[in-house]
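In the two complexes below, chain A is the common chain; its partner is chain B in one and chain C in the other.
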Partner chain A sequence: MPIATTPNQTEPALTDVRQSLITLIKQADRAGANELLDAWANRHGHEEVFKMLLEPALTAIGESITGEKHTLAQAYVASKVAEDMLTKAMNQPGGNAATEPTKGPVVLGNAESDFHALGRRMVATMLRSKGWVIHDLGNDVPASEFVDKALETGARIIGVSAMTMTTAQGIRDVRREIDARGLSGRIQLAVGGAVFLVMPGLLEEVGGDGTAANMFAAPSLFDRLWDQSIQAEATL
Partner chain B sequence: MNSMQRFSNLLAGQPTDRRPFTLVLSLYGARLTGCPLDQHYSDPAAYTQGQAAVRETFLPDVLFAPVCTALIGAAFGAKLRFLTGNAPIIAAPAIESVQEWHRLHVPDPDRQPHLLYVREALRRLVAEHRGQVPVAALFLAPFDIPMMVMGMGPWMETVLFDRPTAERIARDLIPFFVKTANRLFEDGADYLLLPCAFASPGIMPREIVEQFSRPILAHALAQVRGPVALHHLDHPLLSYLDLLAGLPAVSAFSLAQADSLSRAREVIGPGPLLLSGPETQLLRKGATTEIEAICRAMLEDRRDDRRFILCNSGADVLFDTPPENIHAVRHAVESFGSSPA
Partner chain C sequence: MTPPTPNPVALITCSVFRAEVTHLWKTFWPHLTVPFQSSMLHMNPTKLGYRLETAVENELLQGRRVVLVYGECYPGMAALESQPGVARTRGGNCAEMVLGRDEFRRLLRDGAFFLLPEWAAQGDKYFRHDLGLNRVNATSLMQDSHSRLLYLDTGVVPIPEQGLQSVASHCGLPWEVLPVSLDVLRTNIEDALHRLDAKALEAQE
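So, the complex of A and B:
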């Protein structure tokens, strides 16, 4: 399946390579995807891999899996492939994981009493691949810790993940903590997790400023919330 | 006609006074009795009182032994955290990675306290409601148990990227699965409810279900001595029903509200029971009129399908669901009338 080339062979069309990458990821073929990306990186460098192949492929996958064909496994493979390439890029001489100008920082974590790390880690990988600097606080994070870390690092966004209806209620505490410290607007609250997909209205119920349908949509959400934070601060 | 007679008639092709219905009200029993949740999920007597209150309040046609998958992880050594308003969750897995699997001790359902709690609650339910209401018990498929032991991420990683190890672990768990499932039947369970995460269209690609999940499930279920209902979890199941139909012991499918029931019936054939109904989130937030209308529409859609049972889709009914919304499901069934022979 991977479109292998040698120096003597004609370069395959970029669209064909992208499509091969998409197919490999959807088939959960991490090794095949890495092989294809490594071959491209050898020719064009890691930065080009992100710009020309990985980011467009991830965007295309994100758009195609918003329907019924979405599987968690496919999203997971996509995040692992992105993580693999980030690691390789960082290990290059003078390497920098960020493929775009650095953004952030932002703070991520699971709501208090929530221990479902998978989604948070996948979102963190997607954000890092887009140049965001992440402070990941892990699972079971108290509301005050989120806000303390945001203040300490200058983060304009706190991203809180919750898997269940019960643990999502813990996000209300983060909202209250932000508001109580007079940081409303300045610090935006991004929320996510499976429960937000099946329960319309939960975003408003817990006081979130925005959510994303899947990890592929997270970078654009964070771009929007970052802008909202700057605008809110300008109006203060 | 009591619930047991209703089911007997339904399965025998005889008329019933009304359609059977049920809701998964395992957690909700604690709300009705006011029992602290740490006691509800550790004291069989307290749990049984909750199900008695469920029966008295809502008259469902099936009661449930404790629905709490975290207890299975805890039986392997995972650390539980008890919550307010929800079943306990796993706060720390028994192991952090698949490399540690070899140091685990597979629990014995005849000795392990969490499993004994479930079994004793089941036995008490059966004794208390014998001959009146069927009782269902929940367990996990061999390929889903590791998810509760090491967490979703490490197990997903293993299934996707180290298939031989995943197969070895899942197959090693089959004897535990079979023994526990058969103990639950010996304890009186009328049905085993089996959610299948790693055979779900929302989680696994079809190829992996064909190559990995289905063969393991087929091998395991061939040794189970009672009827099994496969559950959709939170995702529509229709697109994989062709893979799951015809598995040994499987005689019922619990589908999502979004699944097409007529198409599902075409796929599974006339024999298996088909369960579906309003999602738990709708039950929690919807208006009673909306819930009743949805239930009526589903019943009307299945008017000629004698083996359809109205049941909530999704997992356990949420703790803060208004009781009038649960009553709305029952009202829909009662007003719909009798079931054809």
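So, the complex of A and C:
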């Protein structure tokens, strides 16, 4: 993909590079996006890649892809590109500030009987790219296991994904488990999955504390819920 | 007093089961009406919901009760099946409806990605065109979650080997054939018919 340059610049303008990255991800061109990011990382380092390119690009894509055809491919490639960069940054000698965990921990998993892993994995990648420490319990997770893991790790947020109305009902059990152990407020319940996008009121019905429209919006949701947890604990 | 004869029933069926339900219908329920809706509507859940809701409404207006031979394929399904005169087969999706819950879960945990005849016959079209996943992305995505493609051979149509090979090649997964009986699907539909009758009785009381 050609990137515009101005006569006095030895490298393309940041906004042009960012736009090129957005275009490549929207074309579901993972290799092309990685090539562009690698070139930028070689010049500026991985921390700058996250801060100046990847995060703004992912935010812009998240704001724009809703309703477009092939959203799955675009979202998938966006998450894989982020994952690829995280892996490369972590493999740098001495590590990299961009990949050092600065938030969390949080627990993620799919509700009991739910096996739709893709959304959860993409959310996990987005959160990791923002510095969250993720304990991913996988698919088909019983309510008690979510809460056990949160207590074991000190997580303030449990994120549960469900694809359908039926499996979303399993989230009620997680809510009950949190409440029954006296952890309401201290542990926040984030919920997500396709069904929450189209069923107004389902978030409240299953007892969730918050949801995000897509993986790109997940980090800000988790920031908010983390703060809510701290506030709730302070008032206890 | 003789109870009124219940209204006739339409099995509104996803075309993914066209061959299977046609086979069962001829043998067991020739008196029922069986309209099919395209399985490709699953690519657009809003459209699927609209088409199903319209189809149900039309059948009810014509004095027929309805069994939906569907999984939980769009978010409004629970509301649709809760209407008087409507019931749905049990199971979240078509593979579970054919295999039963326990076997479905066991195979899924074992890494299976299920294919039924209609979708297998289309080859890689679904991944390439409908999802926009080229071979590299399809392979990565599928290998993230699955270890193999599992074709559920209901025995009513020839195994679409060319289509299966095309999907396997596009997704980078091997394919296997699992022969399955239609007994689970048949029992599932009959259970929905019984629940429909029970619903009618409840309404009369």
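Basically, the second predicted complex is superposed on the first by the 217 of 236 C-alpha atoms of A that agree within 3 Å, B and C clash if a C-alpha of one lies under 4 Å from a C-alpha of the other, contacts with A are read in each partner's own complex, and residues count from 1 in each chain.
In this section, contacts are C-beta pairs under 8 Å (C-beta built on N, C-alpha and C of every residue); 3 or more make two chains touch, one makes a residue touch a chain.
Nothing here was measured: the structure is a model prediction, and the numbers come from that model.
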Fit-or-clash call for chain B and chain C when the two complexes are aligned on chain A: clash
Chain B versus chain C as contact partner of A:Ala28, first or second or both or neither: both
Touched partner set for A:Val198, first chain B, second chain C, both or neither: both
Contacts of A:Leu14 with chain B and chain C, given as first, second, both or neither: neither
Partner chain(s) touched by A:Leu118 [first = chain B, second = chain C, both, neither]: both
Which of chain B and chain C A:Ala73 touches, first, second, both or neither: both
Region of chain B that runs into chain C when the structures are aligned on their shared chain, from 5-13, 23-31, 239-247 or 293-301: 23-31
Shared chain A surface residues [contacts with chain B and with chain C]: 28, 30-31, 70, 72-74, 76-77, 80, 113, 115, 117-118, 121, 140, 164-167, 194, 198-199
Touch list for chain B against partner chain A, complex: 81, 83-86, 89-92, 151-153, 156-157, 159-161, 201-205, 207-208, 234, 236, 239, 279, 281, 284-285, 314, 318-319
Of all residues in chain C, those that touch chain A in their complex: 45-46, 72, 75-78, 92, 105, 108-109, 131-134, 136-137, 140-141, 144-145
Residues of chain A defined as touching chain B within the complex: 26-28, 30-31, 68, 70-74, 76-77, 80, 113-118, 121, 140, 164-167, 169, 194, 198-199, 201
Complex interface listing, chain A residues touching chain C: 28, 30-31, 69-70, 72-74, 76-77, 80, 113, 115, 117-118, 121, 139-140, 164-167, 194-195, 198-199
